[in-house]
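Two complexes are shown next, each including chain A; its partner changes from chain B in the first to chain C in the second.
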Partner chain A sequence: MGTKKFLTGLGATATAVKMADVDVITSFPIRPYTGVMMILSQMVANGELDAEFVHADGEHAQLSICHGASAAGARTFTGSSGVGVTYAFETYSPISGGRCPVQMLIADRTLDPPGDFGSEHTDALGCRDQGWIMGWAETPQEVFDNTLIYYRIGEDPRVRLPQFNCHDGYFVSHIPGEVAIPEQSQVDEFLPPYQPVHPLDPQNPVGHGPQIFPDQGPALEAMRHNAMMAAMPVIEEAIDDFGRIFGRKYVPFVEEFMTDDADFAFFINGAHAHTARYAIKHLREKGVKVGLVKIRFIRPWPTDALQENLSKFKAVGVIETNSSFGVARGGGILTAEVCASLYDAAQKPLIASFMGGLGGEPITLNEFFFIAEKLNKIAESGKIEKPVYWLGFEE
Partner chain B sequence: MATQKVEKTKLDRIRSLAKAPMDDYYVPGHRTCAGCGPAINYRMVAKAAGKDTIFVGPTGCMYVANTSYLCVPWAVPWIHAQITNGGGIGSGISAAYEARIRKGKYHGTFPNVIVMAGDGGSADIGLQSLSGAMYRNHDLLFIAYDNEAYANTGIQVSPTTPYGARTTFTPPGPVVPEGKKLWPKDLAKLVVGGHPSVKYVATASIGYPIDLMNKVRKALNVEGAAFMHIHAPCPKGWGFPANKTIEIARLAVQTGMWTMWEFENGEYKLNIEPKKLKPVSQYLEVQDRFNHLTTEHKAKIQNFVNQKLATLGIKVPVEAVTA
Partner chain C sequence: MKSYKVEIPEEKLLPEAGIVKAPPPNGEQEGMITGCWRVLRPVIDREKCTMCRSCWIFCPDQAIQIAEEKMSIKLKYCKGCGICANICPVGAIERVPELDFEDGVVRLEKLF
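== the complex of A and B ==
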C-alpha cells in the first residue's frame, strides 16, 4: 500500500497538495518556500494536477486571490516565507473572519534586517493572533501529513478557519527525508472534497463581510474564538482518523520524547526538535534525566495538555527560535504562553528561556548540552539565576 | 486563464431607458447620501449585469454606506474586499469558477464577476491589484466608480481629484492658493496602455445611463478581463445640491472635463463628441470645491482639458471663457 520516496519538506508539501486535489494555487517567489510552487507549476503543466495556477502580484495578492477563490468554494493553497509572510498581513484577519479555510505553507525565514535566508519562526509567529490554525512540522513526513490534516481541520463545518502550515526553512524545506506516500483512495477517505457552507454563488445570494457597528463586535469576535476552540476536539478526531487510515499515529497537541522519570525537559517547536532528540539520547547515556516536549499546534494553544505534560518536571527550558523584543520576561513568544498556561497549575516547573537558532543558525548538540547543564542546575537548586539565556553569548 | 470554454449567457443591447430591465439587484435600504452618484451608478451596473452576478466591494463609500449592521443592499452575492485588493479577490472568484466548473465541482453557468472599486481602491492603493487582475486576464469586469476623492473618510485627495479642487487634505491657503496642485491620473489610459490582454476598456458617466449600461454589457460579454472608469459626482464632496448630480455629470462631459470613449479590438472610439464644448469655468463655478480658484487657475485647467481632448482626437471649438 502506497510508496516510499525521499522528499524535501517542499516536495512533501507539493505531493500532498496534489493528492488533496486543490483547485486554486497562488504563487509569488521568495526563498525558501519557492520550490513548492516550482514543483506544483510543473505538475499543472504536466496535467498531473488540475488547478488554476495564478501568478500573483505579491504575497498580499496571493492571499487575496485565495480569499476570493475560497469564498467562491474552491480548495486553495498558497505559501510564503519571511517578509513575504508579513507583506500579506492585512489579509489574514479578513480570511479567518470570512471563515475561509485557505491553507498557507510558511517555510520560515528570518525577517529583515538584515537580509538573511535562514529559518527563524518570527515570520509565522508574528501572525499568531489572526485567527488561523498554526503549527510546525519537524520532518518531511510530518509536513506531508500535516498538509492533509490541516485541510481536514480547517474545512470542518465546526471550524472553518484558515491554516498556517509551518516548517523550518532549509532544515525541513530543503533536506530530504523518507516520506510514505499513501494511496489516493486513502487520501480521499480522510479528506473528502471541500463543501463550502456559504459560497458566493448567484444561485443562493449571500453577503460576505458587511460593516458592523461596535455593538455587533463582541458577538462576531466570540464566534471566531469559538471556532478556534472548536478546533480542539476536531484536531483530536482528525489525528485519530489519520492514524486509522494511514497507520501513523500522532499525539494531537504535545508530543513527549524520553520524558519518563525526567527531572527537566526541553520545550520546542519545529525542526530543532530533531537535534534535541540526539542530544537527549547522549545525555541519557550519561545518566542525565532530560526529556523533550514538542508542541504540534501553536493555535489553538493546548493549555490543558501543556499543564498536564509540563507540571511533572522540576524545570523546563523553552527553546525560542523567534524574537519578541520587550516581551514579558524578556524571552521569546513561546515562554510567555508557556508561563501563562502554567499559571493555574497546582504544581509547576521552573522555566527559563533559551534564545537559539536566530537568523537560521543551527542549534548545535553542544548548545543543547549547555541548556541541559543550566536546567539541571535549576532543577537541583530550585532557583532560577537568569530567566533568559542567549545561546552563544553565555558563560 | 481559461483552458476550457465555459457556458455564459450573452447580454443583449439595451435600446432605451423604457426597455431597460425592470429588475433591480441593487435595492433600496442603504445609507448613501441624497443624490449619491456612486449609488446611482451601482443601480445601473447591477441592472445591466442581472442576476448571474457576483460583486466584489473594496472598502470605500460603496462599502461603508451600503453595508451597515450586517445588512447589504444587493440581491446578488457580494463580498467585501480590502481597499487594497479588489482585483485580487475578483481574480480568486473567477479562478475558482474556472477550476470548479472544469472539474465538475460546480454545476451552473460562469457568473459575471464585477469588482466595484472607488478611485482610491483602483487608481491609488488598489492599483497593483487592478493591474494584476488585468495582466492575468481573469474573466471579470473591474469598475472604478470615480467620485474624485476618498469621500467616505471625509473627502480627502485621491489621484483622480482634479487640479485645483479643495479637499480636506488639499485645503487652499495663502501658500497653496489652488488647493490640489497635481494633475489627475488617467486610469483608463493606464489600463489600456499597459495591459495588452485586455480586450475592452471604456469610460462612462452616470449622466448617460443607456451608454453606461450597454458598456457594462459589452464588458461582461468579453471573455477575459475588462475595465470601466465611470464618472460619478458626489454632492457632499464636491459641494453642489443633491438634486443636481446628473446635471453635473452631464456638464463634465459637455465641458470636456470627462470624456467618453471605448477601447475595443485595439482601437479607440469616441462615444460622445460634442459639436461645441462649453468652457470648463461653467463646470467649476457650480461646485464649492473650486470656488477659491482664480481666473489663472481656471485657464490652466482649460488648457489641460484642451490638451487631453487633442490626444483623443477631439478638436471642437470651446466657447470663450468669460472672467
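== the complex of A and C ==
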C-alpha cells in the first residue's frame, strides 16, 4: 500500500499537509522552514491541494490569520524558524487558550544575534509555556507521521490545542530520507475532519477571548491545564491507532535504545539522536554499557514515564542543543525539566548537562564518546565533577 | 499513568476559554460600566450637527448611537476620550467638565 519517496523534512511536511487536506495556509519567508511554503504554494497553484494560501506580512500575521481561520472552523497550517518563531510570540497563548488547533511547523534555527541558519532548539523551546503540544521529529519519515499525528491529537474534542511540529533545521528539513507515503484512504481513516466546538458563525455569534476580572482567572487557567493533561491519554491512543493503520509503531513519549543493562544513558531530543545511536553501537562493541533515551514530546512533558525510565541508570547525560542563559544549574532547558521529573523518584541518577550542537554544529561521534567517558566516571565514582560540559571546549 | 488533572469546584467553573454567546449588537454589559471613568462629557450641538455619523464610526466603545434621528451618546459607557469631539468635521461636539452637570458622574455617591 502506498509509495516510497525520497523527501526532505520539508517535502515530507508538505506531502502530509496535502494529504491532511488543510484549509488555510499562511506563509512568510524565513530560512530554513521556508521551503515548505514553496512546495505548498506549487501544490495549491497546480490544483493538487484546495486551500487558501495567504501571504502574511510577518510571522505575527501568519499566526493571527491562522487563529481567525481556525476559530471559524478551518484546519490551518503555518510555520517558521528562529526569530520568526519569536516574532509571533504574542499570538501563542491566545491561540492555545482559545482552543484553536493550529499546527505550526518549526524547522529549528538558532536565534539571532548574529544571523545563523544552523539548528538550535531554543526557538521552539522558548515557547514551551504557551500551552501548545510540542515535539520533535528525527527523520523525514517521523516528520510526515508527526504532521498527521499532531492534527489528530490537537483536534481531538477532548484536547483542542495547537501543536508545534518541530524538527532540526537543515539536518532534518533539508537532508532527504526515505518516506513511506500511505494511501489517502489510510490518512482519512486516521484523521477525521476537524469539528470545532464554538466556531465563529454569523448565524450563531459567539465572543472569543473576552475581558475578565482576576477572580475568574484561576478557573480558566485550571481548565487550560486540564486540556493539556487530557492530551496524554489521547497521545497514547493516537500513536496506537497510527500503528494499527500505517504499520509504524512508535513509542508515545520516551524511546529507548540499548538501555537494557546500561549503567548510564544519553538523554536527547531531536536529530542528534541519529548520531547518538551510532556512537552507542560503537561504545557497546567496546563493552561500554550505555544507552539512549529520546524524548518524543516536550509538551505535555511525560514526567511519570521519564521518572520510570531514568531511575534505573546510575548517571544520565542530558544533551542540550539550546540555551537559557542563567538557567538553574547552568546547563540548558531540558536538564531543569529532567531534574524536576526525578525529584519524587526513590532512586535518582546523577545528572550532568552537555551543551552540544550549538549554532547548528553537528555533534560528532567523538563528542558522544567524550560524553560517555564523563558519564562513566560519574557512574563509577558516584560523584559529579562538573554539572555542565560545553562540547568542543573541553579537554 | 498518574493524572495531573486539577479538580475545579462546580461553583467556580466558567465557560470554556471564556467563550460566551455574543450579546446582540448594541447590547449592554452590566459587569463593565465605564461611564463613571469620565471627566469631560461630550455635548453635541444639534444646530451644528450634520448627521455625518463620523463620531459614530470613530467612537472606540460604540458609545454613540442614532436615536430618533439624532446622534445620541450613551452616558453609561462613554469614557470621555474625546475622539468624537476631535473628529467632528464641523466642531459640533464640545467636551464639558462633568462637574458642570447636576448628574455629573464625578458627583454621584454611588457609581451606577
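We take it that the second predicted complex is superposed on the first by the 395 of 395 C-alpha atoms of A that agree within 3 Å, B and C clash if a C-alpha of one lies under 4 Å from a C-alpha of the other, contacts with A are read in each partner's own complex, and residues count from 1 in each chain.
To be clear about the criterion, contacts are C-beta pairs under 8 Å (C-beta built on N, C-alpha and C of every residue); 3 or more make two chains touch, one makes a residue touch a chain.
Just so you know, these numbers come straight off a predicted model, no measurement behind them.
Novice: Overlaying on chain A: chain B and chain C, fit or clash?
Specialist: Once chain A is superposed (C-alpha atoms), there is a clash between chain B and chain C.
Novice: Is A:90 in contact with chain B, with chain C, with both, or with neither (first, second, both, neither)?
Specialist: first
Novice: If we overlay the two complexes on their shared chain A, which of chain B and chain C does A:373 touch? Say first, second, both or neither.
Specialist: In the superposed model, A:373 contacts neither chain B nor chain C.
Novice: Decide which partner touches more residues of chain A, taking chain B and chain C as the two options.
Specialist: When the residues of chain A touched by each partner are counted, B comes out ahead.
Novice: Thinking of the overlay built on chain A, is A:385 touched by chain B (first), by chain C (second), by both, or by neither?
Specialist: Neither chain B nor chain C is touched by A:385.
Novice: Contacts for A:203 in the overlay, against chain B (first) and chain C (second): which applies, first, second, both or neither?
Specialist: So A:203 only meets chain B here.
Novice: Check whether A:70 is in contact with chain B, with chain C, with both or with neither, and answer first, second, both or neither.
Specialist: The first partner, chain B, only.
Novice: Just chain B (first), just chain C (second), both, or neither: which does A:211 touch?
Specialist: Both: A:211 reaches chain B and chain C.
Novice: Between 2-10, 20-28, 182-190 or 218-226, which chain B stretch has C-alpha clashes with chain C?
Specialist: The overlap with chain C comes from chain B residues 20-28.
Novice: Across the two complexes, what residues of chain A are contacted by chain B and by chain C?
Specialist: 98, 205-213, 216
Novice: Show me the residue ranges of chain A that touch chain C in the complex, using the header's touch definition.
Specialist: That would be residues 97-99, 197-198, 204-213, 216, 218-220, 222-226, 229-230, 232-233, 303-305 of chain A.
Novice: What part of chain C is in contact with chain A in the complex they form?
Specialist: It comes out as residues 1-6, 8, 12-14, 16-23, 31-32.
Novice: Within their complex, state which residues of chain B touch chain A.
Specialist: Residues in contact with chain A: 1, 51-54, 56, 63-64, 67-72, 74-82, 84-85, 87-100, 102-103, 105-106, 108, 111, 128-129, 131-132, 135-136.
Novice: Which positions of chain A touch chain B when the two form their complex?
Specialist: Touch residues, chain A against chain B: 21, 23-24, 26, 50-52, 54-58, 60-61, 63-74, 76, 90-91, 94, 98, 193, 200-203, 205-213, 216.
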